[in-house]
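Pasting the structures here.
One chain, subunit A, appears in both complexes that follow, with subunit B as partner in the first and subunit C in the second.
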Partner chain A sequence: MTAFKCFIVSFVVICAMTHCADAASLVIQAGRIIPVSGPDIEDGVILIEDQKIKALGTDVVIPDDARIIDAKTKTVMPGLIDAQSRLFLLDSELNQTSGAPELDVLDALNPFDEAYREVLAQGVTTVCVVPDSSAMWVCRTALLRLNGAGSVAEMCLKSGVTVKATLGMSSRSTQSSSLERLDQYASMREAFIGAQRYLKQYEKYEHALAQYNKDKAKQKAESDSKAPLKRPEEPSKSPTHEILFQILRKEIPLQIEVHCVDDIRHALRLAHEFEFSVILDQCTEGYRMARELAGHKVPVIVGPVSVSRMTMPALAYDHHDPVNAARLSQAGIQLAIGTCAPTGLDSKFLGSAAAMAAAQGMDRDAALRAITLTPAQILGVADRIGSLDVGKDADLVICSGDPFDSFTRIEQVLIQGKVVYERKAAQ
Partner chain B sequence: MKSKCTTVLLEPLSKWVLVTLLLTSTLGVRAQAAPVRKKTAIEAGKIITISGKEITNGIILIEDGKIKDVGKKVDIPWDAFVIEAKDQVVMPGFVLAHTSRGLESANERMPEVPFLSTFDAIDPLQPFFEDSLRDGIVAMLILPGNNTLLGGTGTVVKPYGRIVEDMLIKRYTGLKISLQPTGNTSRMGHMQRFRRYMADLKQYQAQFDQRKADAEASKKPFDEELDVRKQPMFDLLERKLRAFIYCDQAADVIKALEIQKAHKFDTVLVLSPDCYKAASLIAKHKLPVILDPQLIVWETDEQTQAEQMKVIPQIMQKAGVKFAFQTDTSQYGTRYLWYQAAQAVKYGVKREEALKAMTLYPAQFVGIEDRFGSIEPGKDASLIFLTGDPLDAQTWVDKVMMSGEVIYEKAKDLRLRKLLEIPKSAERKKEDDTNKADS
Partner chain C sequence: MMRWIGVLAVVLGGVATAQAGQGDLVIRAHTVWTMTQGGIQEGMVLVRAGKIQAVGKDLDVPEDATVLDMRQSHLMPGLIDAHSHLGLASDPWAEMDEAVFAASADTQVLDAFDPRNQGFEQALRGGVTCALMSPGNRNPIAGQMAVVKFCGGAQAAWLIKRDAGLKFSLTQAALRYDRRPTSWPGLITFIREQLDLARQFDGETFDPQAAVLKRALDKALPVFLMASTPEELGAALDLIRDYGLDGRILGAVQADEVASRIAAQTVPVALGPVVRLNKDRDLKRAGQLAAEGVKLAFTSGAPETAASDLRTSAIYAAKYGLDRELALKGLTLHAAQMLGVANRVGSIETGKDADLVILGGDPLELTSQVQVVIVNGNIVFQREEK
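Moving on, here comes the complex of A and B:
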């Protein structure tokens, strides 16, 4: 894994270097900038250098050699982030019924999938890929850029973002019984207890090994071979436990898909008992316990906002209320909206999902944040993407007007300062 | 991957010749000078050497089953047996770099069986071998199928012989890794299984080395041996064995490159048609590939519904990937290497490359290029005599020579004769009979 990270880092460096070669900076003159992190800026300028936002505001000095994008009649906002997408997943991996925490979604991707173009054309620049699964443990998720690189390594913004799990999903077609749910809660709890035991065992081994090495050195120094020392046996490694460990140490959050109130409470109880960072995924019945949830201060990824009986499991469909996102947001919960749709292509409806949540009474700014900055914060990449701020990656969308207006068109999309989508003029 | 047993076949043979010679001479039965060096000369209308230029009206001189000389002006020794093939094309026999046919069953049910060998499963009586010989194949690497993650090691054989020992060219060649998950396993699970196997392997080796070091330190005898079931994987890590990684989809190529990078395997990719999408990636990593027999795929443009033809060898050539063809029976023509080469040339692949893709390149990928793949002095005289151009559908394989011996002749091919020479009268009679039975 570290080798892989190194690879990504070195790749980014190489990319940065190659971009330096044609170092000409890019300037966007915008009629309106929605930075999301702060108040809107009218008639502002965004200066982009080395894939990042160098300066932003009304008083930015434009370098002489800068390439200028005239968007004086347009609105500029950060690239959208789908917190729960199926984009790039191989067809064979869409509906797996088994999984494990050590599995990695990066092994299940098809970077040659062309569907991303349609999603990109709707202003989505980053997706968090999560397989749709009813297994209790699903896999580790990843954030991918829609830069069309055709290679997982070059698309991957962050791997091992969360570990995805589900509670109360054992039989998706019918509502699972409370007994089944309790059983799942108990098995997840057992898994964590097992991980704790594994941790202790390993610590014991490391301690014994240190003692052994010390004794050996001592024996060597005294150079008298009395009783031969016995080397402690290394416990066999368990990849599952190692990932659970990382969850226990809060190095990676556990993203639990829950629908019913019971399951939500089970997830919270587990997070409380084992003190891990939890992200509630979908949280279908959250509206019934919004205030209680707010008290727990857990982030939530809500979705899907619009549903169809044709494509949803009965459980999620029956308990669904389109007002969910609005209620949770009003209660002050850190909330992201994901498309959570059966296919990757549906990620293109992310903007509409947020607009629909706003129509149900969610604050407009909060709704826009729920598809930009908040998912970046929840998924741990707010230092890179999610808002228009100096130092962040230049992932941005130029649109013809208000982002939630259905008459608004997406004109251009930039990822890391590079124009990756441009609307073709009508012929 | 240098062959250690290049003369496996010849050594015992020549020894026997010597022994019998000695015996006969001492017994005084026949003290005549038996020809120790067997010389053969082929007078060919055209020689396709693969390694060099094509030669019209050339001569190939063979001594003891090996090519001694080739050219337009070669002196034919007085004691050489001359094969006249002035109206024929002589070229090196075809090499099949990857096949899972000719086995009793191609796949194990267990996912990790690197210790198995196809040598134990080859069925010499399968018509596949007879067909291959008829089609001009002189050497083939038989590897396990695509259903097992670590499928076992391969065997290089010639398609000739009654028992597998007779067919053998080289044992323990190549290890099959398949990235196509089977059963209920997901791709994530499949890759995880591989990583876990490798991690366990490394842990096992570390512990083994530690035990060995401890024993040496305390001057105790250490008679433990490495687990034989894991041995091929260690050989793979030490690059004594080549990995043949099967990619079922273009996305699997990325995983194969990841594996190659992580473990530095000596890698050959075995591709499905979909993998053409990863051509530039493969070229970047300079890995040799074995193409699927389906050389042409049609892609539908989602927006316009327009059908686009993708010719895989052409895409590979353009990207700069070195490829070999393999056979199959899935579609018409896929059984024949020449058909694939002809198809490739039709769509713009260079003729020389297409010819190499069924001779020299597969020989290199398998690691038998010191003996097969081209007509050069020092290589085995494993040649085919064609009635015309190798890429012409009307061409027959007239003779196959293996290490200097003609082992196949079309004129003596009973099965072929039966197929081709059905008397017309008999055919008519049969038709009449069936008509009568119907009415």
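Moving on, here comes the complex of A and C:
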């Protein structure tokens, strides 16, 4: 009992202390602010309170007790978001061939993976963790902050972000045939037809249940006990169908990894037929059909930009072109760049990937957006992260200059207003 | 505002384009990175008959010369890949190495080289004009290497050096279950035995294997040893020392503790592929080796990594601590010296081959794009903005 009281007291004290620490304002005086959501601000100030951006601009009133970070010669930008990372996954989880839509990547993570430190040092603050699997259904993905909390719950920004699936990936080492890919399309379609049937049954059940409840209430009010009402029987559901329901009800987007032109068309056809929200993942040959793709108005997570860091089916390898991101962006497609690389550490090259896309002709602002605001929008967390705006989490990067310059150094990284990385002088 | 970037057809086969023709070509650039005299701001290069005729600031432009005005762009020598397998086989992993004979010193990679390979376009897009063509890693004594250019046409146009070197593989890949060597100590013993046998070669008997190894022992043929881990590197350095080989190291990406030994033996290193590395520790290796005084070049091992990513390797090396000038020289002059072709390529100097790359910005920026590639004075790649 005493121990319990002690615990409560200390808990309250700790909470109060934490609150105090958070309540104090933090001010960053920046030479240049790149909010991404709007034009750059020269000689601006960012005021951070309660982990969030309270104010930003050139005329922000600095509270007396505020702690000040002097970045007057530096550039401040939002923390980078890798829309396709393997960070926190065990090596044994890589290059898998199994999966299921009801699986949650959160259950497979190693929150103690130290690799995140080197990734954080390159300005990446959030990653969407997606296992490397060639299964048709892989799992549900999650967004994790690189805050070093060592606990999945404290790192998780959002779970069930998407359901990851693949089309045309049946054989990783050898080239898959177009017939094989057609077969996969048919299988996924069949799964949705099944789910749709269940959904209809379930909606019928929900309807009957509502009627039953209404009738029951009416019967009770009238205290008229005639024939006893029969409660409708709930249709049996499988965990897989539960998730497929959510996809059909547009509660969770389906992220489909596709490489070949025919796979891309299959994914679009399925999304059209079953009216779910689709995110095209990797979309290796997208540049070959950019205009057609633009007409569908679906978001794309493209990657890897450089062919050298990838594990892809041989088929995709042949037609991989670093120009992909640039072409899709120029066609007006909502585009995020992910590292999509074999290991978690590769997420450190997110900025490089965007710079390479810029070299291929992608507009520089669009390239920066593709690793900040656009992934936040595509993954449904743009109210929290992705740009420097009042009310958003104070996830930001202080760097020595242009984000795309090879020799720009990342000086400090903040997540929710807390400094989580600081460059050592010798580095 | 929409900018469409199209890639013009790559002109292979040494066919002169209208711009280059047989007449003189003058290129003006924002900076000419010569590699021997630093960078010349607002520099000019005069190309005549496939060679660099003059380099400077205010050259006289011959009346009939074609002028390529690239004053917003940077000009550097064509990049040199110090280890590549491009154009050797349709499936390089399956067809590149002899499957039965662990000692293939007498095989020549040139016999498998296709000078019109489709893969060259990718290399040229990355500004890579020249490479050390190499057999794979699956035989301890892998075969003879050649230095080529990715320009197609007659052999005289693309072959720079036939006897570029002999490759040894001191890696796991050289061990097999179905022929000797099957173990790590067996691998080293095997190589030593072959070299010892070659020492006794008198030139009288027919022994093509020993004849080649004898040339390596006489330092008439440079030796390239593929070695990556500290153990492999240590063994490679021992072989170079014990047999007095004219040795260079390929790979070396895990050179940790061996760096100072490599420097002490003054063995040049063709490092890579750096673009595949992802640990900060490994990415800093180039800077550390250079700090020890090791001469560096870069490799793609294409198709292990994309041939077009060679410059990316140098950029990462520089970002993680390698001196910028050394990063550029590693892509050009130092690679040419390591491959024994510095008399022809590797710098922008009078008399050298006109193998040039024009980039949209500083060569060590990822955002700088290769715009034009010239080999033997001919435009072989041009990126066009629509």
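By definition in this document, the second predicted complex is superposed on the first by the 367 of 427 C-alpha atoms of A that agree within 3 Å, B and C clash if a C-alpha of one lies under 4 Å from a C-alpha of the other, contacts with A are read in each partner's own complex, and residues count from 1 in each chain.
Keep this in mind: contacts are C-beta pairs under 8 Å (C-beta built on N, C-alpha and C of every residue); 3 or more make two chains touch, one makes a residue touch a chain.
Computed from a prediction, not measured in an experiment: that's the story for all the values here.
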(request) In the superposition on subunit A, see if there is space for subunit B and subunit C together, and answer fit or clash. (result) fit
(message) A:Tyr212 in the overlay: touching subunit B, subunit C, both, or neither? Say first, second, both or neither.
(response) neither
(request) Have a look at where A:Leu109 lands relative to subunit B and subunit C in the superposition and call it first, second, both or neither. (result) first
(request) With the two complexes superposed on chain A, say which partner A:Ser151 touches: subunit B (first), subunit C (second), both, or neither. (result) first
(request) After the superposition, just quote the angle formed at subunit A by subunit B and subunit C, using C-alpha centres and rounding to the nearest 10°. (result) 100
(request) Based on the superposed arrangement, let me know which partner A:Lys348 touches: subunit B (first), subunit C (second), both, or neither? (result) second
(message) With both complexes overlaid on chain A, does A:Gln96 touch subunit B (first), subunit C (second), both or neither?
(response) first
(request) Determine, under the contact definition given at the top, whether A:Tyr202 touches first (subunit B), second (subunit C), both, or neither. (result) neither
(message) Just checking: does A:Asp405 make contact with subunit B only, subunit C only, both, or neither of them? Give me first, second, both or neither.
(response) second
(message) Nearest approach of subunit B to subunit C by C-alpha atoms in the superposition, in Å, rounded to an integer.
(response) 6
(message) Taking the stated contact definition, name every residue in subunit A that is touched by subunit B in one complex and by subunit C in the other, in rising order.
(response) none
(request) Sort out for me which residues of subunit B touch subunit A in the complex. (result) 181, 184, 186-192, 195-196, 199-200, 203, 207, 210, 214, 218, 249-251, 254-255, 262, 277-278, 281, 302
(request) Quick one: which bits of subunit C touch subunit A in the complex? Just the residue numbers, please. (result) 1-5, 7, 273, 275-276, 278-280, 300, 305-306, 308-309, 312, 315-316, 318-319, 360, 364-369, 385
(message) Please output the residues of subunit A touching subunit B within their complex, sorted ascending.
(response) 3, 90, 92-93, 96-100, 102-105, 107-112, 114, 139, 150-153, 225, 228, 231, 234, 236-237, 239
(request) Spell out the residues on subunit A that touch subunit C in their complex, using ranges where they run on. (result) 118, 121, 306-309, 322-323, 326, 330, 341, 343, 345-346, 348-349, 352, 355-356, 358-361, 363-364, 404-407
